[in-house]
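Scrolling down, you'll hit the structures one after another.
Two complexes are shown next, each including subunit A; its partner changes from subunit B in the first to subunit C in the second.
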Partner chain A sequence: MNVFDYFGLLINDYTIRTISMGTVIMGIVCGILGSFAVLRRQSLLGDAVSHASLPGIAIAFLITGSKEPLVLFIGAALSGLIGTLWIMGIASKTHLKPDTALGIILSVFFGFGMLLLTLIQKMPNANQAGLDKFLFGQAATLIVKDVYLLAAAGGISVAIVIIFHKEFKILSFDPQYAKTLGFNITLLDIVLTSLIVIAIVIGLQTVGVVLMSAMLLAPAAAARQWTNRLGTMIILSALFGAFSGLAGTAVSASMSNLSTGPVIVLIASVLVLLSFLFAPDRGLIIRLFRHWKNRNFLKNEFSAN
Partner chain B sequence: MAVTVDDLTVAYKYKPVLWDIDLDVPEGIMMAIVGPNGAGKSTLIKAILDIVKPVAGTITIYGKPYRKNRSLVAYVPQKGSVDWDFPTTSLDVVLMGTYGQLGWIRRPGFIEKKAALEALEKVGMLEYRSRQISQLSGGQQQRIFLARALVHNAMVYFMDEPFQGVDATTEAAIVNILKELRKDGKTLVVVHHDLQTVPEYFDWVTFLNVKKVATGPVGEFFNDNYLALTYGSGFKGVMQKKEI
Partner chain C sequence: MSSAQIEIQIIASVVAVACAIPGVFLVLRKMSMISDAISHSILPGIVLGFFAVQDLSSPLLVLTAALTGILTVVMVELINKTGLVKEDTAIGLVFPALFSLGVILIARNAGDIHLDVDAVLVGDLAFAPFDRFYYGNTDLGPKSLWVMGGILILTIILITAFLKELKISTFDSELAASLGFSPVIIHYSLMTITSVTTVGAFDAVGAILVVALMVVPAATAYLLTDNLKKMILLAAFFGVVSALSGYWLAHALDVSISGSMATMLGFMFLLAFVIAPERGLITVLIRQRQQKREYSLLTFLLHIKNHSKTRGNPEEVMVTHLTGHFNWQKNKAGIILELALKNNLIEVNDELVSLTDKGEAFTREALDYIIYNNKASIELIGGRFLLFR
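Now for the complex of A and B:
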């Protein structure tokens, strides 16, 4: 099957349509919330939450014995949040810097999660298979019910971002000033951070724990290169995320044995690379060209005099 | 009184940053807050504006707590407190000054835009309204912050080092705007670093070094005695230098 066949199947094939819808929704939500993560310098949050969510997935399964996406998502979100709070606590209560705290907590949670996964694998229970798919994600496991869940969580997140666009903008740009105007920035911060956590968690099934932070950050980093407006950046970032999801699914469906998550992340990364090189104004090439032109101009001015 | 501060104490962790401050700011004055680094000048403003939570003390703006009289107050933070590479334009930053009056969810409309453009014109930045803010010079960024405060149409203005890193032309322009505001009966409280210009720009001065050293009219209080009390006895005052 080649990529063109894929687009035929997108219309005709139920499974491929379901998977594609899931990856596209995931891309849009990550693109939108990732914009705020990038602008608020919360990039590392993505890494922390995703790695720290692994033990939550395992524990949720151990307690309930179910692999219902909603159950696993709640476990992932809770344990991701606990890990994040722990990192913030260590950074504020000790002399350790946030990056050190992040390194420690991320590894501890991830290690603990792996340990639990190994334990679960050894349990005499036919139901356990597939949990390790959360490591690198497996889009092929997406079923219609998952897509509904993605759409609901994503739709709510997007609606909140649209309604509170003004508030999130001023929170991201100048939180102290926002506070003097009477906005409850603690509440806004909690809401926005929770939305970012939701974006990460709903991507786990597709992209996996290890690659999730790239999915959150890459579309936003690429979008930032093309525009100087927050609204435009968010929309572009959502489009880049959606494109990565769709194209990643297409490529992986066209070539057997290529897992979807890594391909989606790679495509998003290619978008970042292209944006860094070719964006007008902020792109590397236009900047080098401008530099060269200015030098030549000055050189000519001097030689003329 | 435009602002009254009673027994204000602020501490970060264990170390007090401000200790038992009493301060009255009469209406319609232009007050400089001076003091060495770490004296708590910015913290004083932040405590008045409810950004920093004090350990003790009460603060009122026109007789009411800040929460109740927010609309009377405008704040110009230090320029370095934000990331100027944020994807937004000059006009958009100035529009943020209207967010307080708009409240939750409502977006700025025609009236707000008109007010923002007027504020931009007042600070001489109208032609830069569509510029991305990272493309502005330091002085222009400071003017944008000033315009964002002007759009409030407040009674009391708190400014944290508005002359930091701006050139002489911009400084003169900002001083003119401040004096205009005072002429309209507004009250200004400004954290200021350049002692030389205090008598020229301001009519009141507060000396601060964790504790309040003194406060009063510049003519009476801005002298070597208080400067030495604030900055340490080895301090060779500005006033002496001027006499040479």
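Now for the complex of A and C:
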């Protein structure tokens, strides 16, 4: 099957439509919240949170014994939040730097998650199969129920962003100013960070723990190159995210032996590269051209005199 | 204990020490997340190396993988130099792309490569003793022990030889540059050591736990000491403790060894984080509370001093006035008042507060320090004047 067949199947085939809807929703939500993560220098938080959610998934399964997406989703979000709070605690109460805090939480939580996953694998009931799909994500296993959950969680997050877009904007660019205006910036910070955690958890099933950070960053970093306006950036970022999701699903569905997550991430990375090169104003090529033009201009000016 | 068990523990300890040493410098140089990036992005290097030699245990793989590790650092720096995104974003963009490339290469050639992506992430120490190194017919021990032992010895030699240079360039890169050590060379040497160690350890403990072994022991040691040599030794010690306790935890629960090692490291860090004598959470919180109280005390005393000159306005120095004037809660005002009384800094006559001689001396000195912005002395003044704190 080639990529064009895929678009035929998109309309006709139920499974492919479900998977594509899942990856597109994931792309949009990550694109929107990723914009804030990139602007607030929380880029690597995505990496840490996605790893930190692993023990939550395992514990949720250990407690309830069910693989209901909602249960695992809540477990992942809680453990991601605990990881985030601990990172903030380490960075604010000790002299360790934020990046060290990220590295500690990321690796320790992931290691603990692996311990729990191997523990679960040894358990007599065979119900545990498939928990490890969270490592790399498995878009192919998305079912309609998952997509509904993604759409609901994503829809709520996006609605909150729309309602509070003014507050989040000022928080991202000038938190001190926001404080003097009387906004409760601690509360806003917690809300926005929680939304970012939710976006990450949404992506886990599709892209997986390891590659999730790219899904959060890449669309936003690409969108950033094309505009200096937050609103435009968020919309572009959502579009880039959706495109990566759709194109990634198309490519991986049309070739054998290709898991969707890594393909989506690679496509998003290519978008970043293209944006770096070709963006108007900020792009590297236009910058080189401008440089060359200035140099020529100066050369002519001086040789004329 | 069987000989395989002993060997696993030795390998785990060697890996832990080999990771902990470069980890100290990564933590001090604020490059912890670079180790995360390197550990992921060496995957395509390993796969490409495998395509070249068709042998997973060839030393060439270490070379190609280490080269990809350095390539990662170069790419991150190139992106930083364009100024298009911030540094942390650059790291976050580079390694997932390279890692995805590796995963896709493996998936497309699954028939040819017996490299399980899960194993890449988590590693498997349990089988390390069975991959042995033979010279002729003599059994020389597990191969990974030789690889990691070699890397460890090399690291120790390099670090002891260049400790001074590393120290200066870590804590004062401008001084290092002016003394003639190129920070660039030192930076890339450290990155090379990190990459090689990561590649070596990766087999045994997997990509993500390499990060745990590098960052966590160093961070734990940094909570306990400021001395570089002590920090390196402590980090190595914590690494070994986690290797041994992690092995036995894994043995007891029948779970992944590397996962248990990371969990034990997490426990040690948590302990140090909470109860470290000077940097621990408890000490920090107590100190912050004390500083806050002493700051309030000083404000209060200065207020009294200020108004003792303007005698016409007694309500400014009335006890009941304090809650209103400073906007303090009643119990806070009570605590501060009691603290000042206990330290013999003020006296109260008919609800009116006035400074004692000691209070006068204290405020005079504090005012001098404040005027000349002598921050260090302000912090010390409490120790000299306050018997009760």
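A few points about this structure:
Note that in this section the second predicted complex is superposed on the first by the 305 of 305 C-alpha atoms of A that agree within 3 Å, B and C clash if a C-alpha of one lies under 4 Å from a C-alpha of the other, contacts with A are read in each partner's own complex, and residues count from 1 in each chain.
Basically, a residue touches a chain if its C-beta (ideal position, glycine included) is under 8 Å from a C-beta of that chain, and two chains touch if they have at least 3 such contacts.
Predicted model only: the values in this text are computed from it and were never measured.
Of the two partner chains placed by the overlay, only subunit B lies in contact with A:178; subunit C stays clear of it.
Once chain A of one complex is fitted onto chain A of the other, the partner contacts of A:71 are absent, as it touches neither subunit B nor subunit C. With both structures placed on the common chain, the touch criterion links A:233 to subunit B but leaves subunit C unconnected.
Using the contact criterion defined above for the overlaid structures, shared-chain residue A:163 touches subunit B, although it does not reach subunit C. Of the two partner chains placed by the overlay, subunit B and subunit C both lie in contact with A:224.
Considering which of subunit B and subunit C touches more of subunit A, the answer is C.
Note: residues 41, 224 of subunit A belong to the subunit B contact set and to the subunit C contact set alike, using the contact criterion stated above. Contact residues on subunit A toward subunit B in their complex (touch as defined above): 39, 41, 163-167, 169-170, 172-174, 176-183, 224, 227-230, 232-233.
Residues 27, 30-33, 35-36, 40, 79, 82, 84-86, 88-89, 91-93, 96-97, 99-101, 103-104, 107-108, 110, 117-118, 121-122, 208-209, 211-212, 214-216, 219, 222-223, 250, 253-256, 258-263, 265-266, 269, 273, 279, 281, 284-285 of subunit C touch subunit A in their complex. Partner subunit C is touched in their complex by these residues of subunit A: 38, 41, 43-44, 46-47, 51, 89-90, 93-97, 99-100, 102-104, 106-119, 122, 132, 135-136, 210-211, 213-214, 216-218, 221, 224-225, 257-259, 261-263, 265-266, 269, 272, 276, 282, 284. Of all residues in subunit B, only 46, 49-51, 67, 70, 73, 75, 77, 81-83, 86-89, 93, 96, 99-100, 102-108, 132 touch subunit A in the complex they form.
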